[in-house]
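Order of writing sets the chain letters: A, B, C and D. Residues in each chain are counted from 1.
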Amino acid sequence: MSNLDLQQYNVRTDLALEAKEIAEQSGGGSPIPGIVSKTFEDNGITITELEVQNEQGSQAIGKVLGNYLTLEVPELRNQDTELQDRVATHFAKHFESFLQRVGVGKTARVLIVGLGNWNVTPDALGPLVVENVMVTRQFFELMPDQVAPGYRAVSAVAPGVLGITGIESSEIVHGIVEKTKPDVVIAIDALASRSLERVNTTIQIADIGIHPGSGIGNKRKGLTKEILGIPVIAIGVPTVVYASTIVNSAIDLMRGHMAANKADNNQVFGLMNQMDERERLQLVKEVLHPIGHDLLVTPKEIDQFIEDIANIIASGLNAALHDAVDTDNVAAYTH
Amino acid sequence: MSNLDLQQYNVRTDLALEAKEIAEQSGGGSPIPGIVSKTFEDNGITITELEVQNEQGSQAIGKVLGNYLTLEVPELRNQDTELQDRVATHFAKHFESFLQRVGVGKTARVLIVGLGNWNVTPDALGPLVVENVMVTRQFFELMPDQVAPGYRAVSAVAPGVLGITGIESSEIVHGIVEKTKPDVVIAIDALASRSLERVNTTIQIADIGIHPGSGIGNKRKGLTKEILGIPVIAIGVPTVVYASTIVNSAIDLMRGHMAANKADNNQVFGLMNQMDERERLQLVKEVLHPIGHDLLVTPKEIDQFIEDIANIIASGLNAALHDAVDTDNVAAYTH
Amino acid sequence: MSNLDLQQYNVRTDLALEAKEIAEQSGGGSPIPGIVSKTFEDNGITITELEVQNEQGSQAIGKVLGNYLTLEVPELRNQDTELQDRVATHFAKHFESFLQRVGVGKTARVLIVGLGNWNVTPDALGPLVVENVMVTRQFFELMPDQVAPGYRAVSAVAPGVLGITGIESSEIVHGIVEKTKPDVVIAIDALASRSLERVNTTIQIADIGIHPGSGIGNKRKGLTKEILGIPVIAIGVPTVVYASTIVNSAIDLMRGHMAANKADNNQVFGLMNQMDERERLQLVKEVLHPIGHDLLVTPKEIDQFIEDIANIIASGLNAALHDAVDTDNVAAYTH
Amino acid sequence: MSNLDLQQYNVRTDLALEAKEIAEQSGGGSPIPGIVSKTFEDNGITITELEVQNEQGSQAIGKVLGNYLTLEVPELRNQDTELQDRVATHFAKHFESFLQRVGVGKTARVLIVGLGNWNVTPDALGPLVVENVMVTRQFFELMPDQVAPGYRAVSAVAPGVLGITGIESSEIVHGIVEKTKPDVVIAIDALASRSLERVNTTIQIADIGIHPGSGIGNKRKGLTKEILGIPVIAIGVPTVVYASTIVNSAIDLMRGHMAANKADNNQVFGLMNQMDERERLQLVKEVLHPIGHDLLVTPKEIDQFIEDIANIIASGLNAALHDAVDTDNVAAYTH
């Protein structure tokens, strides 16, 4: 199963959660074999644990086998610092238990990789997390006897993008992994989602690594256990949406809205109502693309949003990775 | 006629060109009394001169009386530096003749005002132009005898936005105008357009000043001849679009596309086909707004686009304002 | 007494404290008539209150009549966030009582002016404070009934420098003052000091306004009560030193060091020992200037230092200006 | 021979040229065995070729065996764009012949390494060059048949500093070299010099690689042919000086100045005149260090200087590395 199949669907979401929703809609709402998911809510934060258990589930939603954890916080764009701290704390707790679940121990040495282009604001999430995260590996290398208990060796790099370095980011990371021998890679990347609502309000954690074609930057090579020889945990936040996806989702929302109002959607939407997701998206793209309408877009306030969410992830990682960093006050350890 | 009326239409474009298109569509394509416009094309650059001649025209398109000049360059987002230089040269020539037409002479002292928020990339156009434009007023003040011929006195300020300064930008500019006595203000502002296609590809010049509610930053007070006592030329570039507008325009484009393919749009689009622009937009907004979908959005590559277009405008202004700066090589005078 | 006289001395410090030290040294250590000063120390922070009481004192130290308060924190460059918070709290308390002493009341409306050039790191202090300070004037203007008690109307602008705007910063501020009618201006500026030791470790508060030639940017016009019609409180931090001053001070320090070691300085330093401050500085400048050695220099780590100290001042101002902001936790209100 | 010996001398310059000058002064001006150098001047640009031929020369000046080429351009800080273009062209020509001389062929694949910390302006030279240089390796990898003649494969990385990544930059580079197999590394680094005059006016090229302790960032591991297995060309620009070095050099300059004026320096400077360089520097450091005066300092205008010189080097590299880039118009190929 690969991203190619997903691209056939033309749905263009990097979130497993959305891919499952789409598959369920197409299937009339019935559960998808091979996909197990569980959702719980905590004071404005919705957490979903989703497992792609077998090849059938993978085919159905176009995502590789593995564990996906999603935090959805619709209010996260409101610049509420109290909420941000709470999300960082939640992130830390869930990330910590996610690490345990997928077998990454308390002392495993971590390399944090910030993927993306620091010159393109919606793609700068990874590099921004790297700038803000606490690195400790140098102390373990230079004076191992003097490191206080409760810390582990953490290093962090932002490998840049092909157009700036001339080198695939996966090659750079692979070289660094071979030299520095971490036990696990945590890769942060900006994603595309299907829905504007989820942009900068959702964080996905997955144990599947980074696959070619995912994220904003159209990678040609991945960062996976197969390639690097060590587990790769991926953290992603959708920061962009295709204009065509916005249109398509909106038509869907309008159909739902009218149906809820007892309208006859065949009457209201005509044949549009009978097209399936793919056909309609195909039509939208045919119309938008040739005249430059089908751009990847991002909210106007992206500068602030991306900084806020990078701080949340950096704070959360600090607390999750070091027992000595208190999950109750994670923000104090970042810039 | 005020922006309030425009907001009733809910069409949310700051471009006179688009407002006229919308009014024409609603009116079945017949010409609008009180609006005179002329379009010509030059090697990939479309120039439209539009005049709102009377109150009737103003009411019809929701724009104040005055002269509007628009440069449309669909290929401008392709980072083609040769094209950028050509657009700067065109801008300079048209801006120069525009100044003459509206009565601003060769030696009129100019204050360039860069409106907008430098911390919000799609709103940073004005401040970026101010950073890149050539200022000369200090030489006229400090050593008037030594200024080479072919220059005029130009000053430039970026007054910031209400949320950062606590002061309306129009008050700041008014104070500076009273102290420094320029003959004309040129105000640069980022705009909202109706169409993604025009974002970062279109430049509007108008002799109407800046009106409350226009631009990205939701001004409460304007910059007009009535307020400042001197003419105000506005230069605007659309850098954002409402998600709802994208959806609405896309449905329109789809109807055009199907009609061109001889489809029966009543059959394809049902009742949607019979809604007018306003009704349909109202429906789209009802659906998108409550769940956070109706954001102002901007292309992913906004950082690069905004820098390119700010350089074009700064280069063009340098050439248009100073005879000593050659319109054939405008780019050399900016950073 | 003007800055011109100070420039005759060629001592080039913007700190009253240093000017007094120099005058005392020249005078053999005896107290200077017309200068009253008081110093106290609090856990690593030295506070000096200095008053220039009359023309004689003013002539002697080359500073205008008025009150000067200086906070010296030698350890401030060590990036110790706990110390930074403590300095912000001290700054807030002393600034508050300074305001009272010079007659600025609890509800006086404040305009904060960040002088300097945001493109030149050691000159960017003022603009950085403006970016980080809390502005509230807009709430008093737009919804005066709804402002919570404990706040006053504060606005903030960074007027830029002559080379970027073509307008003296004092003219811009004057225009804004006339339009917005604040009761007092607080102007923040980066200064030159005589000693590297004080760079980025010292904050001076003075009720004398900003005078031509002071600060890094070589202003030609001042910001004073005479010009603006309202009191002007100046906050300054030395961020640069002349290379020649470093050399001259070092020779002085060496003489002190040798004398403390019972050396015969006439023997060690020859005629150099008998030159007075001005003669020796003249010699140093003659030697350094022609070959480009006499630059204004700043510590390598200036980016971090300037950000830290701008945060301290912004936090301190928030606490000093608004009773509702707690002086015990000032940092929480800045970015 | 290592940098440790140089540090014994406490002279702290990364320029071979200065190290030779110091050694010559100590030796009374006689030539140093094992050091061959040749200087020529071209319209404001002084070029020095210096070779450390054997161990004796290396010991004498504290620099490793190899070839050093230095461009000195005293006027380079004057923001004269015509001069900057000329320096870029000179740099390109000399760099190209330097490559040939040390055996790097026309088609050798190049990895450009920008050392230093992008958050510390005077240390950001390397990362800035990397941002501005043309990378082409991706075209050779992805579509080798379509690359136009006159180009070679160039990649570029800025590995960051230990405090940000937790990894020695040399380890990161080593990993990337092993994965991407370039034929030569070109490493750009900001240096410390002995003289303010040379800061941001001098460019050193050397075939010796990067050695521990050199540059601003106090590396613990080097980038050399021994470590990486391929030749390493180092490009360095002094951007900082120790305050103590400024003082010491100034005293030296004063002695020269007085001697030129027929003064008896024993009388003027006393015992100071008889101290040798090291003793006097030791005294200066004893005096300055304890009170925080002995900082590394940089000119106030460092932001502009570093940008200018990074552009010169990036332009020069583009022209030197690709025959298709014209050395007569090197600036057009950088941002």
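By our rule, a residue touches a chain if its C-beta (ideal position, glycine included) is under 8 Å from a C-beta of that chain, and two chains touch if they have at least 3 such contacts.
Every value quoted in this text rests on a predicted model; they were computed, and no experiment measured them.
Enquirer: What is the chain whose Cα centre is as far as it gets from that of chain B?
Expert: Max centre-to-centre separation from chain B belongs to D.
Enquirer: Nearest 5 degrees is plenty: how much rotation brings the CA atoms of chain A onto those of chain C?
Expert: 180
Enquirer: How many Å are there between the centre of chain B and the centre of chain D, using C-alpha atoms for each centre?
Expert: 47
Enquirer: Nearest whole angstrom, what separates the Cα centre of chain C from the Cα centre of chain D?
Expert: Going by mean C-alpha positions, chain C sits 36 Å from chain D.
Enquirer: Give the residues of chain C touching no fewer than two other chains, as numbers and ranges.
Expert: Not one residue in chain C touches at least two other chains.
Enquirer: Taking all chains into account, which pairs touch?
Expert: Going through each pair of chains, those in contact are A-B, A-D, B-C, C-D.
Enquirer: Of all residues in chain B, which touch chain C in the complex?
Expert: 119, 130-131, 135-138, 142, 153-160, 162-167, 171-172, 174-180, 220
Enquirer: Spell out the residues on chain D that touch chain C in their complex, using ranges where they run on.
Expert: Against chain C, chain D makes touches at 74, 77, 119-123, 195-197, 199, 201, 216, 240-241, 243-244, 246-247, 249-251, 253-254, 257, 265-273, 283-284, 286-288, 291-293, 295-304.
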